[in-house]
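Structures given as C-alpha cells follow.
In what comes next, subunit A is part of two complexes: it sits with subunit B in the first one and with subunit C in the second one.
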Partner chain A sequence: MEILSALFAFLYQAGDAFAFLVLAACGLAIIFGMMGVINLAHGEFIMCGAYVTVFAVRAGLPLPLGIACGTLAAGLVGILLELLVVRHLYNRPLDTIVATWGISLIATQGVLILLGSTMRGVGTPLSSFTFGDYSYSQYRLVLMAAAVVVLVLLYLIFNKTRFGVHARATIQVPHMAEALGVNTRLIYCLTFGLGSALAGLTGGLYAPTMTMVPSMGATFIMEAFVTVVVGGADVFLGTAPAAAVLGVIKAAMTSWQGQLAGQISMLIAVIIVIRVLPNGISGWLLRERG
Partner chain B sequence: MSSPINRSFLGAFSIATLALASTALAQSPVKIGVLEDQSGEFAAATLPKVHGIELATEEINKAGGIAGRKIELVVYDTQSDNTRYQEMMRRVLQRDKVDVVFAGFSSASREAYRPIVNQFNGLAFYNNQYEGGVCDANMIVTGAVPEQQFSTLIPWMMEKYGKKVYTIAADYNFGQISAEWVRQIVKENGGEMVGEEFIPLGVSQFSQTIQNIQRVKPDILMTLLVGTAQASYYEQAAAANLKVPMGSSVNVGQGYEHKRFTPPSLANMHVTTNYIEEVDTPESKAFISKWRAKYPNEPYINQEAENSYHAIYLYKQMVERAGSTDREKIRGVIAKGDVCVDAPEGKVCIDPKSQHASHTIYLAQVGADHSITFPKVWNDIKPYWLGDAGCDLTKSDPSAQYTPSNPPPKG
Partner chain C sequence: MMTDARTSGSLLAMSGLRSGYGGKPVLQGVELTVEQGTIAAVIGRNGVGKSTLMKTLIGLLPAMDGAVTFEGRDISGLKPHQRAHLGIGYVPQGREVFPRMTVEENLKVGEMIHGAKKPADYDRVYDFFPILRERRKQRAGTMSGGQQQQLAIGRVLVGSPSLILLDEPSEGIQPSIVQEIARIVVELNRSMGITIVFVEQNLEMIRAMARHCYVMDKGRIVTEVAPEQLNDRETVRRYLAV
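Presenting the complex of A and B:
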C-alpha cells in the first residue's frame, strides 16, 4: 500500500504537470507550428478566457458553460486581432513578435485599469479524495482529462476534417494550396482563432484554481514556451511528448528538491534539447521517420 | 473716472497681492516622491498605499500643510520592476529634487533603490512590513518587522497547535530571511522544523508542494508567499483538502486573500499585522469612513495602506519639529525618541537606534466563512532586535541589512 500510494502520488503529480504544460502550450504551438507566428500575447488570451469564464459563472451559468463562453470569447478576439494586426505582418516574423508583445501589454494594462487589480474567483468545484497517505483535488483529474481530450480533438480536427486538410496543405505549400482553390487567408484566420480559443479554454479551465489578476497569463508563458521549444513545430509529435517528458522531469525534481529545482530542471531540459535537437522532438521524430 | 480713493484702494490691493505672492514664494511646497507598484505583480497590494498617501496629503493640505507649506506629491508607477525603482529613484532625487521619498513594496525593490538613496544622500520611507534588519540612516521604516510579527505569532501558534513547523516561502530576500527568523524562533521555543520550501516568484501551480507538506504532516504551516501568482496556493491547497493551521506575516494583512478567494480556502489562517480594515476600534472606524468617502471602490484597506497614511503624519511632525526638511535636522528630532503619532492602529513611535516604528500588533484569525477575529492583541511592540543586536544610528551609519545569522558587528 505504501508503494502504491507513492506511485499514485507520483503519477498524479506527473499527470498534473503534463496537463498544465499541454494546456498552456497547445494554443501557442498551433499558432507557431501552423503559421510560424510567435504569439507573445498568448498569456493574455489565457487571461481573457479566465476572466470571461468567471464573469459568466458569476452571471449564473454553470462552470462548463462558463468555460465554453471563455473559449469562444478568446477565439473571437483572436480572429479580430488576426484581421486587424497579425494578417498584415505574415512576412515579417520579427515584427509580429513586437506587435503581439504590444498587444499583450495593452491587454494587461487595459484590464488593470478597467477591472481593477484583482477580482474574486469562483472557487474550485468538486471536492477532494484520499488515496493512501495523501488527499487530492478531484478537479485536477478533470484538468488531466481535459488535456487528453484537447489533444484527441485536435488530432481529429487536423486529420479528419476538410478544414484540417486545407490547413495542412496551406502550411506545407501555401501557393500550391491557393492555386488549388484553398482560401489560405481564411485558413490562417481560423487557425489563429483556434489557437486563441485553446488559450481561452486553458484560462477557463484554470480560472477556478488561480488568483484572478490581469497578469495571470504570465504564469503560463514560461511553461508554454518551454514546451513548444522542446516539442518543436508539430502539435501531436511535439507538444504531447514534450509535455509528457517535461511533466515527469518537473514532478520528480519538485518532489525531490522543491519548486525551485522543478523550474531549474525544466530550463536545463530546454538548453539540452536546443543543443541536441535544434528542431525539437517533433523535428527529430520526423527526420527519423523520413 | 478714477477717483483718488479708488486709486489708493488699487494701490493697497496691488501691494497686498505682491506681499501674498512673496510669502507664497517663500513657502515653496514640501515635495514628496512616491514610488509604488501601481501595475504588475504587486499592484493589488500596493494601490492602497498610494491612496493612503494621497488621503493624508489631502487632509494635511486642507489643514494648512506642513508648517504652512503645502505638500506636493510626485507619483511614479514602478510597475513591480526593480529596474524601474532605480531609474525613478534617481529621477525623483536628481530631477524632481524631492524632500523625501516614500518607496517600495518588495524587499528586492527596497534593496535595489537603497544604494541610490545613499548615493544622493536622500531620505526614504519604506512603509512595508518586511524581513527586518535594515540599519541605514537614510531609511525610515514604518512597516512591521519579524520581532513584531513572528515573535508574537509563532509561540502563540505553537502553544495552541503543536511544535512541528513547515515553511513555504517566496524565493527572494524577503522569503529567505523571514524563513531564517521562523527557524530561529521555532528552535528557541523548543519546536522542530519538519520542512522548508522556497517558491520562485511567479509560480502558480502547487500540487507537488501540497503533497510534500502532506508527507511530513506538520502542526503549523508558515506561508510566506508573495505576489498574486503565489496566492493561488490557498485555493489549490483547500481543493486538495489540506487543512493544516497556517501562519503568515504577509497574507490577509497585505494581499487580503480572504476577500479574494472563495471560502473556506483561507480558513484557519493566522496573521500578525499592525492594521487591517477589520480592526474594530473607534479610531479605525473613523479612518475607514474617511477612506471610503474618498475611495468608495477600494477593495481593501491593508496594513501597508495604514502605514503609508500615518507615515505622512510622522514626516509632518518631524519636519515641523526640525523646522526644516534637512535630513540631519530631522534625524536630530528622531534621536530625541519621542516622535509618535496616534495612528488608526494605535500609537506609533519611531525608535532612534534603528529608525523603525513601534506598533500595535493584532493577531487576525480567519474563520471558515473568511470572517476575521482577533484572539490576541499586543500593544506597543517595539522594533527592538536591531537596537539590541548593536545597530545604533545615533552613533554610526553602517547602511547595511542584518539578519539573525549575520548580526551587526559588536563594539
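Presenting the complex of A and C:
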C-alpha cells in the first residue's frame, strides 16, 4: 500500500505537470509551428482568459461558461492583434518578437493601472479526495482531462476539417496553397486566433487555482517556451511528447528535491535537448521519417 | 465586355504585361490571346521569362504594368486564391505537392478551385491517374517525380478548372512518363474542354500536346510557329537551342 500510494502520488504530479505544460504551450506551439511567429504576448492572452473568466463567474455565470467566455475573448483579441500588428510583420521574426513583447508590457501594465495589483479570484471548485497517505484536488484531475481533450480536439481539427487541411497546406507550401484557392491570409488570422483562444482557455482553466495578478502570464510563459523548444514546431509530434517527458522529469525532481529542483531540471533538460536535437523532438521525428 | 470575350472565343488574354522580381522586369510587355478550348504552348530558351509568365498569370508575381484578362474580366488586381476561385488551376514547376500530406489531402486542397462551388469529382481524377487511387493514403513527399506530377495535375483537376497552367510538366520526369502525361493532358482537353496553357522545352511533349505554339524571347512573345514546324531542325535551333 505504501508503494502504491507513492506511485499514485508520482503519477498525479506527473499528470498535473503534463497538463500544465500542454495547456500552457499548445497555443504558443500552434502559432510558432504554423506561422513561425514567436509570440511573447502569449502569457498575456492567458491572463486575459483568466480575468474574463473571473469577471464572468463573479457576474453569476457557472465556471464552465465563464471559461468559454475567457476563451472566446482571448481568441477575438488575438484576431484583432493579428489584423492590426502581426500581419504586417510576417517574415520578420525579430520584429515580431519585439512587437509582441511590447504588447505584453502594455497589457500587463494596462491591467495593473485599470484593475489594480490584485483582484479577488474565484475559489477552486470541486473538493478533494484521498488516496493512500495523501489527499488530492479533484479539480486537478479535470485539468488533466482538459489537456487530453484539447490535444484530441486539435488533432481532429487539423486532420479532419477543411480548415485543418488548408492550414497544414499553408504551413508546408504557402504560395502553392494560395495558388490553389486557399485564402492564406485568412488562415494565418484564424490560426493566430485559435492559438490565442487556447491561451485564453488555459487562463480560464487555471484561474480558480491562482492568484489574480496582472503578471500571472509569466507563470506560464517560461514553461510554455521550454515545452515548445523541446518539442519543436509540431503540436502532436512535439508538444505532447515534450510535455510528457518534461512532466515526468519535473515531477520526479520536485518530489525528490523540491519545487526549485523541478524548475532547474527542466531548464537543464532544454539545454541538453537543444544540444542533441536542435529542431526539437518533432524535427527529429520528421527527419527520421524522411 | 463579357459577351465580347465570349463571342471572340478568347478565354485568357495578356496585353502589355510586365512583371519580374525586385523591380526588374523579366516580362517586357507580353501580348497573347488564348482561345477557349485550345492547348497553347509557350516555348523558348532558359531564362526568357516562361515561368515568370506563369507566376504572373496566377498572381504569385504582381503585374507591374499591363493586364491579364480572364473570361472577359481584368484579373490583374486579384490575389492568387481569387484567381483560383475563378477556375484557374496552376501546376507549378517542380510540382510543389504538399510533402507531409497524403495524396488524398493534397487533392482536397484543390477543391477550392472554383471556390469549392463545383462538387469535387475524385473518381474522375482517379480514373485519369490510377496511381493516385492506389496511393491515396501515401504521403506525397515519398512519391517519385512522375507520380508527384500526376498528383499536381490531379490536384487542380479535382476543382474542375476551366484553364490549367502547366509550368514545365516534363521537368525531372522519365521519358516514358512524359508521354503518358502528355496523353492524359490532351485527353483532359478533349473530353472536358479544359483550356491548357503550358511552357515547355521538351520537344516531344510540345509536339504531343500543342495546338498553338508561341515563341518567347527576352520577355516578349516574338512569333507563333506551327507545331509541325518543330520537326524542322533550323526552326528548333533558332528558338530553343541554348
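Here is the rule we use: the second predicted complex is superposed on the first by the 290 of 290 C-alpha atoms of A that agree within 3 Å, B and C clash if a C-alpha of one lies under 4 Å from a C-alpha of the other, contacts with A are read in each partner's own complex, and residues count from 1 in each chain.
Here is the rule we go by: contacts are C-beta pairs under 8 Å (C-beta built on N, C-alpha and C of every residue); 3 or more make two chains touch, one makes a residue touch a chain.
In this text, all values refer to a predicted model and were calculated from it rather than measured experimentally.
Colleague: For A:Val248, select first, second, both or neither according to whether it touches subunit B, subunit C, the two together, or no partner.
Modeller: neither
Colleague: Between subunit B (first) and subunit C (second), which, if any, makes contact with A:Leu141: first, second, both or neither?
Modeller: neither
Colleague: Tell me which partner A:Leu76 touches in the superposition: subunit B (first), subunit C (second), both or neither.
Modeller: It touches nothing on subunit B or subunit C.
Colleague: Once the shared chain is lined up, is A:Gly116 touching subunit B (first), subunit C (second), both, or neither of them?
Modeller: In the superposition, A:Gly116 touches subunit B alone.
Colleague: In the superposed arrangement, which partner chain does A:Met210 touch: subunit B (first), subunit C (second), both, or neither?
Modeller: The answer is first: A:Met210 touches subunit B but not subunit C.
Colleague: Applying the touch criterion given at the start, work out whether A:Leu260 contacts subunit B, subunit C, both or neither, answering first, second, both or neither.
Modeller: In the superposition, A:Leu260 touches subunit B alone.
Colleague: Looking only at contacts as defined up top, I'd like to know whether subunit B or subunit C touches more of subunit A.
Modeller: B
Colleague: So in the superposed three-chain picture, is A:Leu11 touching just subunit B, just subunit C, both, or none of them (first/second/both/neither)?
Modeller: neither
Colleague: Show me the residue ranges of subunit B that touch subunit A in the complex, using the header's touch definition.
Modeller: 39-41, 43-44, 47, 171, 197-200, 202-205, 207-209, 211-212, 214-215, 228-229, 231-232, 235-236, 238-242, 259-262, 265, 297, 299
Colleague: Going by the contact rule set out above, which residues of subunit A touch subunit C in the complex?
Modeller: 162, 165-166, 168-169, 172-173, 175-184, 286, 290
Colleague: How about subunit A: which of its residues touch subunit B in the complex?
Modeller: So the residues of subunit A touching subunit B come out as 9, 12-13, 16-17, 20, 108-109, 112, 116-124, 126-128, 130, 133-137, 139-140, 208-213, 215-216, 218-219, 222, 251, 254-255, 258-260, 262-263.
Colleague: Show me the residue ranges of subunit C that touch subunit A in the complex, using the header's touch definition.
Modeller: Subunit C reaches subunit A through residues 58-60, 79-81, 84-85, 89-90, 92, 96-101, 105-106, 108-110, 112-116, 141-142, 155-156, 159.
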